[in-house]
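Two complexes follow with chain A in common, the first pairing it with chain B and the second with chain C.
Now for the complex of A and B:
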């Protein structure tokens, strides 16, 4: 699920950037430091929409770095249990397949794949094929899955998905 | 009510014995026996264990919401004594029922979540070291080739069939439900019951609030509490328990109905009116004026017969039918009533006896002054006015001093009423004159008019009888 949140961060700027382009450089640095990261509390920070410098820079005596307290708005993505997502299959193994929904990596085990789909080891591309052969899940296929559980670390979120429920599976 | 206490006590005991060690059960049993809020010191003395130990266990139970405590201020009995605060422990049956229900629901929910977890999250076992991994660990174990290896021994991982664990979970669930069966049955027994308050002192406090709470009274065997003497009798309890036959406890409900539309309530209301005194009665209901009484006293046989007839008529003619007026009876009534009215003494005429004596006196006076009965009346009024108000000498009501012959001749001109300083014949008084009268004058005028009308009627009736 996506959120638009206001977050704060202490931004450390190298003294060499203390010139006429200080704030543009600081903004760029904020983008590079924050975007694409993941926090256990908020989830994935997708992009920054606006930046406010709410304090004057403070020079650290020891290193000479300037610290700015920055408030920014960002689009956040955090997966929840039970949420249905569209994901792209990245890897298929005999134990299940991996898929990615943006920055989120999801594993769908064979137990949560419909029982009529079996791993096809004979194929050149590893895939799961239904009994009648009409449905096939292989790499780069788009699947609709439901998140069954998440493991959230400080810097990483991993999810377990299922395509066993109704209206889930390959999106044709 | 006794069974209610037994059910509740059994529930508490079951819960404590199911989920707590024996020492907890001992202390809760002691608390249940007390049936009131107690200090931990008192419990410790009863059980002969350390107070510290009792308090620790009670605090643990309080943490689980199985017992409750309250700080109660106790004022000193002696003048110099300070107000102290005591920590009293008690059991709240209603709270315990809620807590037990909530915890049972949480058990079920947790078991279900465990089951769902086992279904959703696949486990993997290392073929070498038999280490178990879950699906959440997959990213760490995934090799670049897309295979899974144990992070300890690099052994291959295979899917662990969850059927065993699922059956185990189901077995756990069935075990739990069988173990909780007794508690659930006991909880079902409490449904629909009026949950009483455990502590007697609490019940006394809450009795002022008018709630339907009852208290837990002392029990005979320690397990079966009797019904409390302080318990307010509820509707259901009243139907179940025998009625108290003590005459002191019987309440009479007196309903005063203001609306007399109901036929059944008419009679008592009339009865009450009779008791309110003779003054409020109309003249025809006075015992001395009663036609029946008069007929008994009368020597005239015809009149007596007529009265008897009228009595019969009164008794029989309940319906309102046109009644043929018996002239004799009517005359007798008028005569007697006039006598009664004439002998009326406002100072002592409040009882029937005085009324009857005055009636007798009037009769005697009439015998003596048979020639002019009205004169006596006017004299009496004059005397009364003189004795009470001497200023009214000049404004005296005009009297009739004519003889019977004159009376016959000047029937219409013999009565004068005073209006201010003028004397006007009674028959010539206009409405304007009535308005000009003072209160006393109007009263006198009314009296004279009444006498005049009565006399005229009497004369008319006499003449009609003669005719």
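Now for the complex of A and C:
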């Protein structure tokens, strides 16, 4: 699920940047430091939409760095159990397949794949094939899946997905 | 999801107090499902779930007042056994699992060590795999990369050797791959690799198991299998492995290795797995310091090197004779150089241009073909047994095939290892036995071969007189390497510096052993001359008695002074040559001993004196009726003592030191020196 949140961060700016372009440099640095990261608390920070406030800088005596408190708005992605997502298959193995929904990697095990779909070890491209051969899941396919569980570390999020429900599976 | 009906778990019957869950609820292990009050109302029980799952149905109403006795059914639940786990998440129910629950789980996928399965699930998957293999009449083959199918060195390493820096890489079939940023590896494929892989792929499902990094492994796989039909995803690298120093089949086949063959150049990393076919390491870039290179068993390596050296020289000679004939078939009257180039460029994907390989110091020959032949044989025998409704195990078949090689061979080793070396410390012996030879301690009517490090031992002489085949230890190494009994004449035992006369003289002396040893006994207490004579005799005896003359033999020569006695001189020569032959065989501790010998003999005489005393004790041993073999174990001491025979001799009646005291002394001396 996506959120639009207001977050804060202490930004350390190198003294060499203290000049006329200070604020644009600070904004740039904020983007590069924050976007694409994952915090266990909020989820994946996808993009910064706006920077609301940059405080007065404070010089650190020991290093000369300047610290700014920054408040910004960002789009956050956090997966929840029960959520339905579209994802791209990245790898197919005999135990299930791996898929990615943006920054989130999801594993779908054979037990959560409809029982009529079997792993095909013979074909050159490993895939799951339904009994009648009409559906096939292989690398780079798009699938719709439901999140069965997530594990949230301080810096990482993993998820288990299922396509063993109605209206889930390959999107064509 | 599995279903189970939970029963009333307590001893005392009781009434339900309340349910803490309702139908359809998700439950975790450790969660309180309900509370019960015993019928005497003294105790309250909490009913705790052992399972993760969902409540399917509640079988007893919370308002019911009926007495519940042990065994009554309370709840039916669906539970998850967490058979597959992905980074600490159950892949079936999505629960976060505590780390401790991962104890008996296996990761069986090649590239994903974070995906683990329970033993039960592993077994299930393996059964499916086994069935698939059986249906296709295939087996699994685990291949090593470095030194088995390719030889890789860093470009930096290659450039540091002038000979290789100047070589035209493209022409020589050397490939460059870039692995991590600036790191460039130069890869040479083993000759006949494609033929091998192609054939093997028909009978086996191929896996790569390498100690290289994942990146490196995939790059190599791409190089030798660009279309990815051979290995597909079945690549296991160091990153996915369990340990840095060893490989284990458990990682890929946790339950059943009865259909897996390993081909690797090292047996130590596999901890002597019975599924292993050990190939001789493929080394193309000779003289290049090899960062990927690993230690091998010192014995094999030493001998290998010597052998390679010889073979290369031979091959170079042969090459000159052979090449023109080969080439005549194609083109005539063209210079050899040009022809070679043509062969190479037109060599399409086979890369089996022998001329080129030998130029690069590669005497690998057709080794892969030999291995291929064995693999085909294993496959054939395996499926023959399957057809007979048996349950074969490849390790047994492999053992059987190995045993065939030296099936009719009865070996006696002579002068290869010190006599008191326990059998498990004798790699050659183990190797011979692995390949079916029967190793005997002494020559019997059944004996067919005598493996000797040098001529002139009793066993060798007896073997020669009986017309048995006498070979040097390399015969075993080489024969097992190429899986065929090589011509024994190609492996003559290195003769000593002495001529035939000397040896026959020695042989004659053998007949007099009894008399000489009694002489020794008397001489012990007499005078210097007699002692000298005694030592001569010991030495002769040692020569005859198959003594492993220890490395100290070589060291003593350097430290020995001018010796007046002619006999002694000759004997020392013998010792030296024997010692140098044995150089490669010595164990680590022996090495230490010899080191200390060396330094000691240079600096002071005390230890040598002790040793001499020790030698004297040996003499008395042998002369007191014990047979030669007991003497042989100590011969290193006695032989080294000979060097100091011209030193002071007045201590011959001193107390005798035993082995441990001697080693202690040596160590002390060594410490002082350091």
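Quick note on the criterion: the second predicted complex is superposed on the first by the 170 of 172 C-alpha atoms of A that agree within 3 Å, B and C clash if a C-alpha of one lies under 4 Å from a C-alpha of the other, contacts with A are read in each partner's own complex, and residues count from 1 in each chain.
Criterion: contacts are C-beta pairs under 8 Å (C-beta built on N, C-alpha and C of every residue); 3 or more make two chains touch, one makes a residue touch a chain.
Please read these numbers as outputs of a predicted model, since none were measured by experiment.
Overlay on chain A: chain B and chain C clash in the combined arrangement.
When the shared chain is aligned, chain B and chain C each come close enough to touch A:95. In the superposition on chain A, A:63 makes contact with neither chain B nor chain C. Once chain A of one complex is fitted onto chain A of the other, the partner contacts of A:6 are absent, as it touches neither chain B nor chain C.
Contact with neither chain B nor chain C is seen for A:37 once the two complexes are overlaid on the shared chain. Once chain A of one complex is fitted onto chain A of the other, the partner contacts of A:158 extend to both chain B and chain C.
When the two structures are aligned on the shared chain, A:124 is found in touch with chain C, with no touch to chain B. Touch criterion not met for A:24: it reaches neither chain B nor chain C. Note: residues 91, 93, 95-96, 107, 109-112, 126, 148-149, 151, 158, 160 of chain A belong to the chain B contact set and to the chain C contact set alike, using the contact criterion stated above. Residues of chain B touching chain A in their complex: 117, 119-122, 124, 135-136, 138-139, 142, 146-148, 157, 159, 162. The touching residues of chain C, counted against chain A in their complex, run 83-84, 86-96, 108-109, 111-112, 115, 117, 125, 128-129, 132, 228-229, 232-233.
The touching residues of chain A, counted against chain C in their complex, run 81, 91, 93-96, 107-112, 121, 124, 126, 147-151, 158-160.
Across the complex, chain A meets chain B through its residues 91-93, 95-96, 98, 105, 107, 109-112, 126, 148-149, 151, 158, 160, 162.
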